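Chain IDs A, B, C and D follow the sequence of writing; residue 1 opens each chain.
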Amino acid sequence: MTMAPEELRPAGAPSEALVPRRRISIWIWLLIGLALISAVRVLTGAHEVDSAGTMREAVNASVPIALAALAGLWSERAGVVNIGLEGMMILGTIGAGYFGYWYGPWSGIIGAMIFGMIGAALHALATVIFGVDHIVSGVAINIIALGTAAFLADTWFSGLQGGGPTQSPPLDAPLSITVPGISDAMIDLQDKHWFLVSDLASLVAAVTTGLSTMTILAIVLIVGSALLLWRTAFGLRLRSCGESPVAAETLGVNVYRYKFIAVLTSGAIAGAGGAFIALVSSGIYQNGQTGGRGYIGLAAMIFGNWRPGGLVMGSALFGYTDALQLRAGGEAVHALLIIVTVILLGVAVLQFRRGQKIAAITSLVIAIGFAIWFFSTDTVPADFTRMTPYVTTLLVLGLAAQRLRMPAADGLRYRRGQAG
Amino acid sequence: MGKLDLRRIGLALAAPVLAIVVALVITCLILLAAGSSVSGFLSTIFSAPAERNVINILNNASILYLSGLAAAIGFRMNLFNIGVEGQYQVAVFTAAVFAAQGWLPGPVNVVVSIVLAMVVGAVWASIAGVLKVTRGVSEVISTIMLNAIAGSLTAYLLRKVGVSTGSNLATEEIPQDSWVPGIPLLPGAPNELLGLALLAVLAGIGYAVLLNRLKFGFNLRATGTSASAAVASGIDVRRMVVVSLMISGSIAGLIGLPLLFGSSHSYGTTFQAGIGFAGIAVALLGRNNPVGIAFGALLFSYLAEQSNLLEINARVSPDIVAISQGVIVLAVVIAYEVVRRYRNALEQRQVAAQLSSSAPAEATSEATR
Amino acid sequence: MTQTMAVRLRGIGKSFPGVVANHDVDIDVRAGTVHALVGENGAGKSTLMKILYGVQKPDDGTIEISGEQVVLHSPADAIKQGVGMVFQHFMLADNLTVLENVVLGAEKLYGIGDRARAKITELSDAYGFGLSPDDRVEDLGVGQRQRIEILKVLYRGAKIIILDEPTAVLVPQEVDALFGNLRELKAEGYTLLFISHKLDEVLAVADDVTVMRRGTTVASVQPKDVTARQLAELMVGSELPSPSTEESTVTEDVQLAVENVTLAGPGDRNLLDDVSLHIHRGEVLGIAGVEGNGQTELVELVMGIRPTTSGRVRLGDEDITDWSTAERRNAGIGYIPEDRHRHGLLLDFPLWENRILGHQDRSPSVRGPWINKTGARKDSARIVEQFDVRTPSIETTARALSGGNQQKFIVGREMSGDPVLLIASHPTRGVDVGAQAAIWDHIREARRRGLAVLLISADLDELIGLSDQIQVILRGRLVGEFDPDTVTPEQLGSAMTGAGEEE
Amino acid sequence: AKKEEPGGAAASDELCADKSGAGPKIGLAYDIGGRGDKSFNDLAAAGVKKALDDLDATCEEAEAAQEEPDSAKEERLRTLAEAGFNPIIGVGFVYTEEVVKVAKEYPDVKFAVVDGFGEGPNVTNLVFSVEQGSFLVGVAAGLKTKTKKVGFIGGVRGPIIDPFAAGYKAGVAAVDPAITVDMKWLSDKGDAKAFANPAGGKTAATALYDAGSDVVFHASGLSGGGLFDVAATKPDGTWAIGVDADQYQTATPEQQKRILTSSLKKVDVAVFDYVKAFKDGTTKAGFDLYDIKRDGVGYSTSGGHLDDVSSKIDEYKAKLVSGELTAPSKL
C-alpha cells in the first residue's frame, strides 16, 4: 500500500528507467565503509566502534532483522505484501520456546519455522485464495499471533519450573563455534589498534568467536535464497508472479501455487528469525520479545530495494548501530558523528556535480551542523544514543538517492482467469 | 424487484454476521483445544455490560475511533501511515506540558492545548511526508523509525520536565480549572463519559464531510486510487502527500486528549500506549469508512472491556480476546469477498438464464469491484 | 471441406456478471491459413480467444484442436496443444529481461541460461526481430514488445498462433514488417488467428474472415468477396465513417505557441530538442511519429506535468511556462491522455465522480471548496446523452464500461466548459469504428467553434483526415511539416522513421 | 528429549484454586506479566501463599493486559470488590491512581498497593527502601572486586530504578571511592525493552565485563537473565548480583556459581504482614515503609559466596540501621 514512486519524483528528476544503472559491488561499499570507520576509530580513539565485541553484538542484532527481511523478500517477490512478518516472528518465538524446551534447540528451530508457516498459511489463504487486501490480512495476523503466543505461553509454561504465564523456562541455545587459534590471534591483532588491519581482525574475530550455528544457518538461507530466486527456473517463476502474474499465468505458470510456496517459505524464515531471538539472543521465550523486529525487517527489505544484498546492508546498518549504542554507549556514537559528517560532505559534492545545488547546500549545512556537534562535545548523551539506529536509518535513506523499485505487482489483487 | 432487494439486504448483512460467527467458532475451538471453559468464555463475553462498563466501552471506543480515523486518512491516500503511535505521543506530551503551565484561563487553556496538540501531531507527521516527496523515502520505513524516535524523545523530555511522585514520573498536573468535566451519561455508573470524547464525534463528522463533500477530499481519494490520474488532472500529488499526512497527524494529536483532560491530568510513564497501532486494525476493520470505523472501534472496545472479566469469572486468559479480534478483522474481509463472489455468480447465472436463443448481450452489470 | 481444421469451435458460450460475452459461437480455422476475426468493441473476440487459449473456461460448447476434442483447464494445456497467444494488452513483466520473459514457463525446453539465450538470438535473427536477450523490457518500445510476444509463442513451438489486435499500436512500417512475418510463418505451415479493427489490413492478409457481433459469429467470408465497407456493415450494421477535413476553419489568432522548447534527458540526448510550434484557433495540428520519439514528453510538457528545461510555452497572450497543471486546465486546456486507464479515469469511482476529475476548480462539478454533487451528476448525464456513452447509469463505475465507452466519456468531459485548447493523445485507440466516428465528429465540431487541437495519433488515416497541419517528430525534434491534403501515409511513414533524412 | 514430563502443566500451579478457607478473601491484581516474573509479582504471590497456609485465606488473581487503558485496571479492582474480595492488593505502582479512585467507591474494603503512593482512609502503600539493600550489595561488590571496576545494568532511568543505582554506587564508594561504577541503561521507557529484554541484558553485561568490570549488579527485571547467562560463561572471580528476590534460588547451577548475592525487596513479607494486619483489624492507611530496620530490604547470602566478607557487610548494615550512614535514593 505504498504509492508508486514515479508520481512523486521530484520535479525534473529523470525517470528511473532512463537512469543508466551503475552498479558498484557491495563489497567495495563495505570496504569503503570499513576504511572510514577505521580512520575515525584511529583518530578518535573510540576503539569500541568496531571492536570484536561490538561486531559480534552487531551480527547478533542483525541476524533476526535480516531473517525477517529475507522472509519479506520471498513473499513480496511473489507479489504478496507481508506486513504480518512481526506476527510470524512472534509465532516463531513461541514455537521455539515450546519445542526448544522439550526437544532441544534444533527442534526448537524447526518448531519455530512450522509455527511461522501456520501464520503464513493464514496469510496465503486470505490473500491468494480470497484476494483480501494484503495489509488488512497482515495486520490481522499480527494481532492473532500476539494473542495466540500469549495464550499458549500461559497454557504451556505456567506450571514449569522456571517458567511462568508469560515466559518459558531457560532454553538451550544451538551450538556456537569458536575457532580456537584464529579467534585469539585476531583479538590480539585487534588490540593493536592498527589502521584497517585491526578492524579487519576484529571482524574476523567476531565471526570466529562464539558464532552461533543459527547465524550460519541464516547466512546459508540468505545466499541460498539469492541463488534460488535469481538463478533457477523456480525463482524466475516465483518472481514473475510478483512482476506480472497475468503474464505468468498466460505462460502456464500456476501463480497460486508459487504465491503459496513463497508465502509459506516467508513464514518459515520469519519463524526462524523468531527462533533466533528466543534461543540465541535471549535464551528464553518471553511475551513480546520480538519488539517490532518484524517491522524493522520490513524496513530493511525496502531499504535494500527488495534484493538480498541490499537487505543484508539494511539489517547490518540497523543491527550495528543498535549494538553500538547499547554496548559502547555515548563515546562510540559520538565517533559516528564525524562519519556522518564525512558522508554528508561526500553526498554534497556528488549532488553539486550533478547540478542539484539546493540539495547540495542542504547536505552541506547538515554536515556542518554535525561537525559542530562533534567538535563541541565529547560524548552523545545517553538519552540520545538510544535513537541512533532509527535516526541513522532515516538519515541514510534521506541521503541515498532513492531508486527503490518494488515488484510491479506487489500487493495487487490477482485472480485466476483475468489475464488479457 | 422486491424479492431481489430483500436478497440484496440479506447479502449485505451476511458478511459481518458471518465474520463474527466464524471468529467466535474459531475462538471456541482454540479454547476447547486448550482445555479452557467455552461456556465461561461465552457467558462472560455476552453478559450484559453493567452501566459502568458501558461508559468504559464508549470512552475507549472514542479514543480508538480517533486513532482509526487518523490511520484511515492515510489509507485513503494509499499511504501506510504506521506513525500514528508516535504522533499522538509527541502531541499529548506537548499538550500536557503546555496545559500544565496554566498560562491561559480554564477553557481557553484547553482549546489552545487542543490546537497545539493538533499542530504538533501534524508537524511530526509532516516529517515523513517531506521525506517522501523530497527524498522518496517510503513512509512505511520513516514512520516506523519516527515512532521509535518519538518514544525516546518524549521519555527524555519527560525526565527533563517531569516530576516524580512515588515511582511514577509525570508532567505537572494541569490546573483544575482546565480539567474537562465528564458527562454523567448513565446515572447509576460511578464513572462518566470523558468530556473530550465528543472530539471523536466532531472528528468523525469532519472526516465524512472532508472526504465526501469537499474538493480536497475528492482530490485525496482520487490520488489514493490513482496517483497517475491525479497528476494528469492537475492535482499536486506531492503537496497532497504532505497535507494528508499532516491532517492524519493532527487527528492523531487528538487521541490522547480525552484521557489527558478528563482523567489523568498529566502525561506520565503510565499513560496509555499502543492506541496508534490498535487504530490501524480498527480503520481496516471499518474499511476506512467513518461509520464503519465507529463500529470497529465499538466492537474492539466492547471485546476488550468484556475480556477484563474473563480471568476472574471464567479462568480464561484474556489474551484469547486478542485472537478473536484478529480473527474478526480477517474474517470480515474474507466474508465480504465470499459474499461478493456469491453475488457475482448469482448474477452470472441469472444473465445466462435470461438469454433466449439469440438475445443480444446487454450490459446490466453495475459497479464491479 | 476436406482440408484439416486447425481449430474448430462449436456452440461456445461464456457469460460474466451482467454480460454475455459469447454465445453459440462456431468457428472453423483451416490449418496453414491466416484467419481474421473482426467485430465491434465488446463483441466478444478477446473472450473467445482467451477461451481457446485456456485462460477462461467456456460455460458451454466444445473445442477441437487439430481434429481432437480437448478440454483446456489452463494456458498450460493450450500450450501443450500447440496454441500460442499474443494478447491485446501485452503480457510482459517490465522489470524482467527479454530472456526471462521468453523462457518463463518454458524453462524445460532450453533451460534459463546460455542455451536459451542462443535459441532466442537464433529466432530473433531468423525473423529479423532485432531483440537482444538481456535487454530489460521496460527500456523497449512497443514494436519491440510486440515482437517479444511473438517470440514467446515461437519459442514454445506453437503451431496455432493467436494475435489479438497486434497492430493497434504499430506504425505502418512496423505493421508491414509484422505482416511480412505473418506471411513467412504461414508459409512455414503455422496457423494464424488474428483480430483487428483495421479492416484494410484484414483484407490484405487474411485468407478467411469471421465477423462477430454481440457475442456471436454472424458471418464467415472470404476477403476477395467483400470490401472494407461491407465488412464494417456486417460488424455494426451502419455506414463506415472516414475522417475527412471539411473547409478550413483556421483563424489568425495563435492559441498555443511552443517556442524553442528543450527538455533535458538523463543522458546526453535531449528528450525534446528545440521544438517550436504554433496552433491557431480552429486549427488541428497533428503530430506523427513512431512511439517513443518525444510525443509523450511534448504532451506532458504542454500540460505542465513536466517542467521545461528551456524555452517558453504561451497560451493566447499568457506565458504559461511556469504554470501548474491545474492552472493550465483552468485556463481552458482539455486533455485526452494516451492511457485512459492510468491517466484519464478513476476506475473504481462512479462516472459522475469521474466527471469532476480534472475539473476540480470549475463549475458545474464544484462550488467553492465544495463538491457539487447535483451539478456533477447533471452534467455527467448530459455527457452520456450527448456523446452516446453506453452505460446503465451514471452511478456505474468507470471500470465497468468498455474501452470505447470509457473513451467517449473522457472526450465528453474534456470538451466540457468550452476549452480553448485540446490535447488529444490517441483519442480513438482501440475504439471501434462507430465510436471512432462519433469522437471525430465531436472534435471537428469543436474546431469549428474555434478550438485549437494538438492531435497525437499512431493512426495515420486519422491524422491525415483530421489535421490542418502535420508535423513529424523524430528523436525529440520536429523534422518535417506536411500538408494533410497532399501527403500520403507512406510519405509520413518514411519521414517518421528518418528514412528521408539526410545525415 | 529431557526435563520433566510434558502436559498437565497449567493446572498444577493454581495459586488460588482452593476456595475453602475461612480467612480473608484476598484479591490480587498484577501488572503486565503477572506471576512468573521471578520478581515482585512472584514475591507478592509468595506472600499470599503464606497467607493461604497460615491465615486460612483464599484468593483470586487477575493481571493487566498489554497496553490496556487505565479504566481496565479500575474495572479489575471493582470486579474483585464486587465479588466480595477484601483486602485487595494492587501489585505495582501503576495501580496507585486506580486504587485511590476505586477505594472511594468501596469504603468498607481495604486496599494495598505495592510500591504505591496514593492517599485514602482505606489505602495502604507498601513501600521499600531499596536503596539500602542496593547499598549493601554495593558494599559486597566493592569488597569483592579485583579490577576496581564494577558495573550496573538498569532497566530505565527514573524514579523506579534510580534508587537501586544510587544506593549501589554509594555502597561501592563507601568501601573504596576509587572504584569506578560503569552503568548501562537498557531503555528510556519503562517498557518491555527495559524489563523483559534478556538479549539487551546480555549485550550490556558482555560490554561491562569486556570493559573490565568483574562485578555487575542489575535492576532490570527479567532482562537480568541475560546478565546471569553471560556471567555463567565467565571465569572464577567474576560476579553477578540479582535483584528483588534471592535470584540464586531460581538460577541454573552454572549461574549459581556466579551469583554473588541479591538486593532483596521483601514484597512477600510485606504482603503477608498486610493480610495478617487485615485479619487482626489493624491495617493502617498511608505508607507502610519496609526498610533495613524492619528487615524489609537486605541482601542474600545463598551460595555462600559472601562468607569471607559478610561480617564487614553487616557492619555497614548496622550503620544503616543506626542511621550513621544513609543510602541516597537519587542519582
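In this section, a residue touches a chain if its C-beta (ideal position, glycine included) is under 8 Å from a C-beta of that chain, and two chains touch if they have at least 3 such contacts.
Keep in mind that this is a model prediction, so the values were computed, not measured.
The chains that touch both chain A and chain C are B.
Note on connectivity: the fewest steps through touching chains from chain C to chain D is 2. Relative to chain C, the most remote chain by averaged C-alpha coordinates is D. The pair with more inter-chain C-beta contacts, choosing from B-D and B-C, is B-C. Averaged C-alpha coordinates give centres for chain A and chain D that are 36 Å from one another. Chain centres here are Cα means. That of chain B falls 44 Å from that of chain C.
We define each chain's centre as the mean of its Cα atoms; on that basis chain A and chain B are separated by 29 Å. Shown for chain B are the residues in touch with two or more other chains, namely 35, 152, 155-156, 159, 228, 231, 319.
Not a single residue in chain C touches at least two other chains. Annotation for chain D: residues touching 2 or more other chains are 10, 63, 66, 157, 188.
Chains that are in contact with each other form these pairs: A-B, A-C, A-D, B-C, B-D.
Put simply, chain C touches chain B in their complex at residues 13, 15-21, 23-24, 44, 59, 214-216, 303-305, 324-330, 335, 337, 342-350, 353, 356-358, 360-361, 366, 369-371, 390-393, 395-397, 399-400, 402. Of all residues in chain D, only 10, 60-63, 65-72, 74-76, 78-80, 83, 93-94, 96-97, 105, 115-117, 125, 127, 156-160, 188-191 touch chain B in the complex they form. Here chain D touches chain A in the complex through residues 1-4, 6, 8-13, 33-38, 42, 63, 66, 157, 184-188, 192-193, 196-200, 202-204, 206-207, 210, 222, 225-226, 229, 250, 252, going by the rule given at the top. Considering their complex, residues 30, 34-35, 75, 77-80, 82, 131-142, 144-146, 148-149, 152-153, 155-156, 159, 227-228, 230-231, 237-238, 241, 280-281, 284, 317, 319-327, 329-330, 333-334, 337-338 of chain B touch chain A.
Remark: chain B residues 212-219, 221-222, 225-226, 228-229, 231-236, 344-345, 347-348, 351-352, 355, 357-369 touch chain C in the complex.
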